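In the two assemblies presented below, chain A is common to both, partnered first by chain B and then by chain C.
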Partner chain A sequence: MIENGFNRRDFLKVLGWGGAVVALSGCGNTSVQDGAEIVTSYVEPPEYALPGIGVYFNSTCAQCDAGCSITGRVREGRVLKLEGNASSAINRGKLCGLGQAGVQAHYNPDRVREPLLRNGDKGEAITWDKALGLINEKLNGVKGDEIAFLTGAVSGHVKVLLKNYLEALGSKNHYAYDAVAPSVVRAANKKAYGVEMPRLRLDKAQVVVSFGADFLGAWVSPVHFSQEYAQFRKGSDGARGVLVQIESKMTLTGANADRWIAIRPGTEGILALGVINALDAAGLSLPADVAAVSKAYNAERVSKDTGVSAEQISKLATLLKARTPSLVIAGGAAEGYKHGSQNAAAIALLNRVLGNIGKTIEAPANVPFPQVAVTTGNRSSVQALNDSMANGKLKVLFSYGVNPVFTAPAALKFQDNLKKVSFKVVFANYLDETALAADLVLPLDSALEDWGTAVPEYLVEAAQLNIQQPLMEKLHAGTRGTGDILLALLKQRRANEYKDYEDFYSYLRSAVVKNKSALGGAGADDDTFWGETLSEGLVKLPASNGALSAKSSAAGLVLPAPAEEDSAYPLHLIPAVTANLRDGRHANQPWLQESPDPLTTIVWDSWVELHPKTAAKLGIVEGDIVEVTSRSGSVKAQAYLFPGIHPDAVSIPLGNGHTALGRWAKGVGINAFSLLDQVVDKDTGELALNETRVKIGKTGKRVMIVKDEGAAGGSQAGKKIAVSASTDEVELSGEV
Partner chain B sequence: MHRFLCLSILLVGLFANTGSHATEVPPSISTADDLGPKVEQPIEFPHDRHAGPRNPADAADPSVPAKGGMEINCMYCHTGARRSAVAAIPPLQKCVGCHQTINSVRETPRIQKLFEYWDAKKPVPWKKVHDLPDFVRFNHERHIQRFVFAQNKPVQEACGYCHGDVKTMTVARRQKSLSMGWCVSCHEKDHPVDVAATKTTHGPNDCWQCHK
Partner chain C sequence: MSVTNLLENWSQFRHGHPVDDKPHEEYKWAMAIDLDACTGCNACSVACYAENNIPVVGKEKFNAGQQMHWMRIERYWPEDGREFADQGAQFLPMMCQQCEAAPCETVCPAGATNHTADGVNSQIYNRCVGSRYCSANCPFKVRYFNWYDYPSTDNVWPAEMTQQLNPDVSVRSKGVMEKCTFCVQRMTAAKNTARNEGRLVRDGEVQTACQQACPTNAISFGNLVDPESKVAKQWAHQQVELSKEVQAKDAQEGGTDLRGYRIMEELRLYPSVMYLERVRESAI
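Let's look at the complex of A and B:
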């Protein structure tokens, strides 16, 4: 926003005169300094260390749950750069921008450095002995079902300790929460294929039809999918794969698609059945149960309901029939409705009638050790936790790796209910919104300082146990590893069982080495096996795939008619999960704020994405500060006009709008979670992220949007540099 | 007019700052010696004793105090010079490795101080004498490989191009300006590619060789 009276012309004039004066006075300096800095040498150097030469250690990325393996370059004892570890089948030596920013999570100046105990409004630094003693004391006389542990997705040996700790406390209340998890799709997959997350072979498909799965940006395992996508694009036999993306708001994947189809929000299932109907018309023989459901979805009706032209539908059916195998994916955009399960089920039917199950949809690898397999997070868990807090059933709550005060929908009143829990312990890297509501904050080691293991949800060829190991010494003496804290807490309860383990490292080493024969190290001596494991950064487990069981019937599948118009709140809010900020836990990493959003090029802020037609109707232009109001809340942000969104929809990216977390996150943008209504998917009870209806009003203020895109925006100053046309205007018969 | 005045003050302030800084260190692109200030070090390390020429009168027996130097190769201590961007200050272990057997100087104040650091397992806080700006990447390895190993120049001569005649100094002191012009003045010259070659090349003059 430019508020003062200077303009560019004045600035240049003054700069010109000033520059001349400076030039005359002479400039140029070398700032070579003598004796200003101290150079610290080793006292006793490790044998591999040579100043100026990098040493590489393997570990596991903890920025999201995809479980990519990383290699960190360490020089003079400091980790400088992360890259992908080529040994991992998941990311095959590659790493995304979010992963690269892992060093900023580590060096972040806003990390919590010592245990903090609430004293009024302030956190008072206390010792670890006191903190752990206090937990023990507060747990005395508290019944097991009055204790709960809230985490994100958790796997590996930390999960084992967590489970044992809860068992020692007699509690069964483990809530695994992930605000943007594909949890409805998981449930639908379980019904359709017998597994929650099958392997999706993009590389084997000739056509991929994605209903809003942003698999190149933020969905499940984007680095892996990007590589499979590259193979899909090359084509196995010279035929380049065709990607069709169907969604109401364009994602990064949508921007890469050959055909991007804007669909009326919530009608994805109807379109899937419409395509099945069109396939039937094109001569594909359908199973009787599917045909019975799809026969009502003729092109005319589907076109009217979804806003997708009949020609598009028939073209899509022709494409799917001509090129096999294909792959149809249901993603976040399809599942975010109260009939999300039905949408996902209808989309899965497409795979069934196209015969993709077993070809491009494969059984995932089995994890031979179920105790370390991942417990995935979902959204219904935080609702369940919220209910038991509201009822006053909980006395002690532990929270690790999640920030529900920020991410829970406003309608839950999570923060108010949290106050009813008398003792809240938060394991935290930063003082985020949830940590600020805690009674005791336990500061964690960063992911680059801590020990651990992880088994990712989306596995490739075989299961693998990812090793997380410190890439450098701890930056702050007062932080501790998650495993170490859990072990210390367990020792309070089961001293005998854990007395042999001085710290989590010794526990981890012994647990891995004990099972070396099952981990492919039979016959090796312990030290060699452990050394090789750490050097590799992961253990590949013997490959064994389960089987898919496609037993779902289409009978009983009912899709509701498209949502009726809501005159008070006419627009559908689609909160966007961006590749950089996801659910907002990384908002304090400035690289992620600074790297422009791939579609809008906006940096360091939130925005309200509107279709130009909708904006014109409302009299809104780019940069207008608009007020977006739902039944649950209201926010003000800059408007951005974007043709890649359905005119009935409005989108706000998630992740910004923190009131805490750190200097680069606090006060940047607005929090779209605070708008969400508490509407859930009927089958799974998962919060329906796209069900919130909003209205938009102008506030009269206008700003200049900070973005990389040229000042003329998408209009290219009227010069037609790269011309685009809506798919409806294109003669599709000549296209893919 | 008010606007112009405001902006002028703002910008003059900005440049006055860098301008005054510029006058502190006068630029020099000459290859002539350009002595840096004396730097106080925690231990006054005598380079001359370690690297200086032997006194023919000195006995071979190390237990007898020597008058002259020991002609130790620079790279015996600065081990990074031939294989890393930085020459590296030797680890304390290296100093102690020799000095624990050299009883003749064991009780001198400097060596006593050395062992104090060693016993406390603390590194000596040496002051950086040749500290280039952070936007300059100087690579020792390239220079030592070229001059010492390819051209077979004596080590002390090759190091001396930039560091001066260290074998005559106690505490090292900057001898050259280390300014960009000074670097370029040598990079512009033709140097034989190796000891036997008649072919010559000059040093790289791409910006990114040093500024990356």
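Let's look at the complex of A and C:
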């Protein structure tokens, strides 16, 4: 084949020499040749690593607080993909986009890799010994009430250690903060039903009326609710459930409603009482206390106040009377006002009047071990923390799992007050805005590398203890688990108590195994029980449901008249919590940035939603860069004309607008938190997210909005592409 | 494939599958998507990125129409001039419809895209020369072209991010066309297992990534040849026949009260994806 006396063997020799020369001159010794690394033959593979075959390990999703159980596909020791764990009653094998992006949090190139100590404007890498020693040193001579720990929602054994650590420091200052928590609804539920988060049985309801609860998108436990929603839509024997969504700005749930009702911002409670009044008129007998309140809310008045037609109100009442049981849910849109608690209370009355309590609103499962039950986050905690920082009362602050510099409303001046704390320690995965303001940054393991347990707030059937376990080896030698850090800090204070635990893993194992009989492992030997627990990824706790105490009462219910016009700031700002970005902590995961917003199809940016009517009045067209100004701040972003928003409102999604965090988040969009006025719900003191008033001005600039609406601009151009039918045109019974 | 060969043997290359002389034997993969269950949440799309090594292109390239989402959610508003979208939006998961008479296949000058025996429109990356004729000829616009060498010059998977890539799926390089494969790597694995055990793939044994993630179970996927599979039962109940361009039920006077339909059936592409119409309550 090869001529000129140059045969294949010679050819290979030349190649071989060439290769050797490259190897000798090019690279020097590899770490293997130096003996720094050892190459092990795959003849003896590590346990469960089967070359070429994916193996699956169970853990718990940490992307939001819903507590979905996940199954990681692992190949050759690398986690590739997260899927839902079918044995969890919460997500039953399913997982949302946010959850799946957990692998991008893990492999993210912008993770912090070693402890950083502030040196002027820079962070200087230091060792863990030095970092932990420094914390010990800074705490000496500091009184307990001068120390605070700020976290998001925490549960499980990390919470136990956190509590013990604060106790060891003599501090009672644990602030649990969640910028977008349904905290007013929780308080209203507690009053109306006796529990903060009852179980909502969408699957049992014939009609669901949601006052702005985005339960399919970003509210409480979206993957679970989506599954129940599918059952609710299928109904039994073709009796399809009907969803009515009432809100000022359309959420993903609103986009799936049979009827979406645009309501004047803040008048949700008035409409709820109007529907009760209409139910009365339709012949439903009302309890005396309710009737006394609702009688003032006749159709004419309610229609004038809310902007919802009298005909629509009576239709809704007729539907609710005819189809039972129903379920009425109060969500973010209703709670975000000065009178948010009152709105939620009025909405809860609807459930009482319709007899839903006990039918579609059930008592949640009890958590038998209160020490591991979740401490939910709220917004008033960050106000309280901010106050004590402003007064100069705090000397040492720990922060874990939250980014208050980014999410606290502008009016609090959180960043300035933070400077008054002399030593700030931030546990961080990324250098976010809060980590950049820290004196010491402690780099955390990713959620797929760490050990932990979690008890979700929203429980289904029975309580469950979710197990979080590493799905692969740590990527970076310099990061540590949250539990390990807390344990090390505790050992500084209570060495004797924790001396038996070498690391958090041994603490966790011992804590779980010690209680095995209560966790359904009575009789099993420790290793078997622990092995099975890890393999399952969760422990179902014995079912024991509490009881609702139906004490929803109309007494004391006072709903203010609709907000007056504000000529300086004529529009209501509704900050939108989107399914992908939530409060912004995951903005550096590129799948989430490139995944179009379902309603606007916009990617990689922020936008200002305006009703076409409002836009026409202001002379704004799509893509105009508009300036949105509130009393607390101002931002510039592209305008998007949107048929799912009340003409008195504008909406900007939360989550983007980072000045730090990482390459995919920094400089993308604007931060809507920076517009928020410090107005609180009167009953709970929670920041009222929808109370900020704004004005809009044109800047004269215009851009092409980057979106996925398609060539025809979201029009079907007369073709039969996405087809819709009304229930009287289709026969659903007998469907497979 | 030379032009002479193509012309001489036209009937062999160009016919709607299945036909009497070439029926599907063991498998015909197909899908059914219930638009009344779909909430437009995008979980399917992210699952597809994770499973199929799809590059994230960034804002600028997205603007140029160079996004690579094999599975996208189309969003439509009612177009009757109403003041508010008071019956919500209409979402439609759109990906390759795996047409039985696929218009992309006949125009490929390199034979890079063609039909497999189990009824899937396949794309052979190392045969593709990047003419992009297939994309031009696709009425669903579900073919995506690699305008850049995403792994290297564009560095879309920096540092540790490469470790997330699924080794069962090729990472595509510049100049080739790609699209939804019905997760062919998962089908192949399931078929191999079944073959080793001397049986056919069971219903539910292979799930596409989108189907697996979908929180409302809107997507079903399976073998249309197996009358006991869920997808075959759905197609049968909805009276949608794979090889018809006009379904008998649609020709009935007064239309049909069944929800199943295929998009642009009149183009005689015989897609393998059946959608079920979204429903809206008439009483409210």
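Quick note on the criterion: the second predicted complex is superposed on the first by the 665 of 736 C-alpha atoms of A that agree within 3 Å, B and C clash if a C-alpha of one lies under 4 Å from a C-alpha of the other, contacts with A are read in each partner's own complex, and residues count from 1 in each chain.
Following the convention adopted for this analysis, contacts are C-beta pairs under 8 Å (C-beta built on N, C-alpha and C of every residue); 3 or more make two chains touch, one makes a residue touch a chain.
All values reported here derive from a predicted model rather than from experimental measurement.
Visitor: After superposition on the shared chain, which partner residues are touched by A:D34: those of chain B (first), chain C (second), both, or neither?
Guide: Only chain B; A:D34 stays clear of chain C.
Visitor: Per the contact definition in the header, classify A:L252: touching chain B only (first), chain C only (second), both, or neither.
Guide: The second partner, chain C, only.
Visitor: Looking at A:A282, would you say it contacts chain B, chain C, both, or neither? Reply first, second, both or neither.
Guide: It touches nothing on chain B or chain C.
Visitor: Is A:A555 contacted by the first partner chain B, the second partner chain C, both or neither?
Guide: After superposition on chain A, A:A555 lies in contact with neither partner.
Visitor: For A:A239, is the partner it touches chain B (first), chain C (second), both, or none of the two (neither)?
Guide: neither
Visitor: Check the residue A:L50 against both partner chains and state whether it touches chain B (first), chain C (second), both, or neither.
Guide: A:L50 sits against chain B, while chain C stays out of touch.
Visitor: Which one hits more chain A residues, chain B or chain C?
Guide: If we count touched residues of chain A for both partners, the winner is C.
Visitor: Under the stated touch criterion, which partner chain does A:A86 make contact with: chain B (first), chain C (second), both, or neither?
Guide: neither
Visitor: Per the definitions at the top, what is the overlap between the chain A residues touching chain B and those touching chain C?
Guide: 52
Visitor: Using the touch definition from the top, list the residues of chain A that touch chain B in their complex.
Guide: Residues of chain A touching chain B: 5-6, 10-11, 13-15, 17-18, 21-22, 25-45, 50-53.
Visitor: Considering the complex alone, what residue numbers of chain A touch chain C?
Guide: Within the complex, chain A contacts chain C at residues 52, 75-76, 78-84, 91, 93-97, 100-101, 103-104, 107-109, 216-217, 222-223, 226-227, 229-230, 233-234, 240, 242, 244-245, 250, 252-262, 315-316, 318-319, 475, 579-580, 590-596, 598-599, 601, 603-605, 613, 643-644, 668, 704, 706, 708-711, 714-716, 719-732, 734-736.
Visitor: Note which residues of chain C are touching chain A in the complex, please.
Guide: 35-37, 39-43, 45-47, 49-51, 56-59, 62-63, 67, 69, 72-77, 79, 82-92, 141, 156, 158-161, 163-167, 209, 212-218, 230, 233-234, 237, 257-259, 261, 263-264, 275, 277-284
Visitor: Across the complex, what residues on chain B touch chain A?
Guide: 3-4, 6-8, 11-12, 15, 18-19, 21-22, 24-25, 27, 36-37, 39-40, 79-80, 83-86, 88-93, 117-118, 121-133, 140, 173-174, 177-180
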